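In this document, chain identifiers A, B and C correspond to the written order of the chains, with residue numbering beginning at 1 in each.
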C-alpha cells in the first residue's frame, strides 16, 4: 500500500488530485481511499489531502503520518517542515515548480520529481490549476500506474473540451516530469 | 453631493476614526466583500463594540479557535438559530447594569433571511437596543454556495443548479430590508461597498438610533467565489447593483422610507448580470423576468417612499 | 485503451465520497419528497440531490427549506400523508430539528434520514465525533451506523426497507462519521435502479399503512393521555424490539440481491477465539481491523465487535458475541456525565452480569477531529490485554488527553 500526502493551496485542486488517482487505481482493479485534511478552506489557504492506494481494500480511516510519497503543488511549501513531517526513509517527492534545480533536501528523501505543472496547465487549459498535470507526473514517478487509467479516470470529473484538454495535461505530466535520484 | 474623486475618498477616510482590530492574513477569499465590511465597521463605530457572529463565512475569522482569536473585539460566537436573541440578552443586561455599549449582531443573509429570521423579527418587534447588520452575499456561502431567501431569480447555486431541467433558482428573492422596515423600528437602511461614505453615515445613524431601539442595516456584500467574478471586480459589481436599481439605497426612520440615492437613468439589469457567472446561463427571456422583479420591487419602494408625506407618525409614538 | 472500472452485471463501480454514496442511495430509493438544507459536513448530499433534480434524474418534490427544523417537519408530514421521504443533517441541525424528530418517532412516521456525525457538545465545533448521535439516542428512532462508504449506501437502502416495513413503521437514522467518511472517496459498488426496485418491491405487497388523506376521516397528532398514551408507547417499544430480528432478515435479503452481508445488528471480526475484544462503531472499525490483523501476526488473540445497530440497543446480540471473553475495551467517540466511562460503555455495562465474568474498560477517543490512529488502537488493545492478564487498569482512559488521567484528588480546585 502506498501512503501519499498532498500539499498545496486552496484553488489548485489538491483534493481532486488525490480523488482522480483513487479513481485511476480503481480502474486497474485496485483500491484507493482519498480525503482532505479538515479545516476551513479558502482560496489561497494551505490545503493538505491524503491518499492510500493498494491492491487490497483500504480499511484504515486515519490521516497519514508516515507518508511514502509527498506531492507538493505549491512551490512555496517546498521546504516547509509540515510537508516533510513523517516522511519514511526512501521517500519520494513530486514538486510543482518552474525552477528545476534541486533545492529540496531531507535525509529520508531519495527520489525527486519536478514538473512545471502551472506552465503546462496554462498552455493546455488556460488556467494555472496544476492537478491533472500532477496526476500524470505522479504515475510516472511512482511507477504505480500506467498512463491509460489516469486519462480514463478524468471522465468522471470532466467532459467535452475540458476533458480532452485535461487528458493532454495528464499525458504531458507523464512525459515531461524530470526525475532525480538523490 | 458629487465631488471630485479625491475629495470623496478623503471624506470616507474621515469616517475611519478607529484602528482596524483584525489581524492580517485571515481566512477570507481575495476580493471578499464581507472582509471589507467587517474591517470597516469597527473603524467607524469603535473597537469597543461587542460583536456577535455565527457559523458562516465570517466565522473562521470572527470566532476564535480554542483560546486564540484573529481580532481584538469582544465577541460572542453563537448559532444562527438564536443570534438576535443572544444579542438581545447582551444588550438588555448592559442596559440594566448601566454599561455603555454598542452590540452589533453581525450575520449573513442565510441567518437573517432564513434560519434566524424568526428571532430577528422578534427582536425588532420588541425594539431591542442593538444594531443588526446583515451582510448579503445572496447565499449560504461557507457551506459551499447554496441558495438563500435573498438569492435572486435565475441564480445558479448548488441547491438551485443550472441543469437540463432547471434554469437556476425559479423563485424571486424576498426583500429583507423592506420586511424589517415594516417593523417600524427607529432605523432601517440599505448600503453597499461602492458607496462607502453612505455606508459610514448609515452606520453612525444606526448607532444613534440604537439609543431609541432596534437598528437594521442590509449591506450588499458580493462573493467572488460564490457568484463567479474576478476578485478585483467586487466594487464594480456593487456599483452596478446600485446603478441598475438591483440594490437601491434607502433608509427608513420608524418605517417611513426615504431614498438616499436616486438613480436618474437606471441601466438595465443585464449590465449587472453580465459581470457575474451565476447568471451566465440565462437567456433574454429569463433575464427579463429578473428585470421585471427588480422593477417591481423598485416600484413598491417608490410607492412607499412617496407615501411618506401622507404618513405622519402619530404624536403618541414620537419620542 | 480504455480501462473500465470492474463492473458486475447489475452494478457499477464508482469512486465516491460517503456523502455521494448517501445521495445516490436516496436517489435509487425514489423518494417522493426531499427536504434539503446544508450543514457541514453533509452539504454534498443535498448538493448532489439538487443536481440530480435539476437534471431531471430525480422525480421528487425538492424543498429547499430555510432551516433544519422545517426540514424535519416537512418530511414528517409528507410521510404521514403517505409519501416516501428523505433528508439529511448533522450535529447542530439535528438538535435544531429535535422537537420534530421526537414528533416523527411518536407519530411512527417511516422517515429515513442521514445524520453525518459531528460534535454538538455545547462548544461550537466543526469536527467529527458522535455526540450528536448520543444527544438524541432515545428519541425513538432506529439508529444504524456505517463503517465505510459502501456501507453508507447499503444502510440507506436497508433503512427504507426497515422503516417502511408494516411490522415496524419506525423512523430510521443512518449515521456515519463526518470528515472521516463524509469526505472520504472510496471504491463503492453502486447497484442499478432495477435491483434496488426489486429489493424495495416487497414493501408494496404489504397491507397499506395508515395515511392522512383528504376525506379519509383520520387525524394524526392527537393528544395522548393515560392508558391510551401508554398503549402507543408500549407499541413503540415493541416495534423497536421487533426491528432487531427484522434487521437481521433484511441483511440476508440484501446478500441475496446485492451480494453483500454485514452480519446484521453487529459484525464480529476475528472474534471466535479472541480473548480480548474491542467494541466500536463507525469508521474507527476499519482502522481497528487493520491493527487487529497486525496484532494477530504477533500472536495476540484480539477481535472486534462492531456495533451497526445502536438503537434499539442490540443487547442480546452483543451478549451472545461477548460472553466469556476475558476483557472488553469499549471505544466511545462521545461523553456522558456522572458515569465512569463513555456512553456506549455504560450501556453495555448494563449487561455485565450476563457476560460471565468479562472485565470491561472504557476508552474515550476521536472527539473533535482527534484522529483514532493505529497507535491509539494499539494502546487500547495493549491496555485491554493488560486487563485480561489481571493487571490493574484505569476504568476510563482519554486516549488523546493525558490530563484526564490525573486522579480527582490531584485535581482539586480545577474547573
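Here, contacts are C-beta pairs under 8 Å (C-beta built on N, C-alpha and C of every residue); 3 or more make two chains touch, one makes a residue touch a chain.
Keep in mind the model is a prediction, meaning the values are calculated, not measured.
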Selected interface, A-B versus A-C, where C-beta contact pairs are more numerous: A-C
Using C-alpha centres only, name the chain that sits farthest from subunit A. B
Rounded Å distance, subunit A centre to subunit B centre (Cα mean): 41
Measure off the straight-line distance from the CA centroid of subunit A to the CA centroid of subunit C, and report it in whole Å. 34
In subunit A, the residues touching two or more other chains are 40
So which stretches of subunit C touch two or more other chains? 126
Counting only contacts in the complex, subunit C reaches subunit A at residues 1-6, 13-15, 17, 126-128, 148, 177, 179-181, 183-187, 283-284, 286-287, 289-290, 369, 371-374
Over in the complex, which subunit C residues touch subunit B? Could you list them? 36, 38-40, 43-44, 46-47, 50-51, 53-56, 64, 66-68, 92, 96, 124, 126
Would you pull the subunit B residues touching subunit A in the complex into a rising list? 27-30, 59-60, 225
Contacting residues of subunit B [partner subunit C, same complex]: 55, 63, 77-81, 113-115, 117, 140, 142-144, 146-149, 158-166
Subunit B-facing residues of subunit A, complex: 40, 42-45
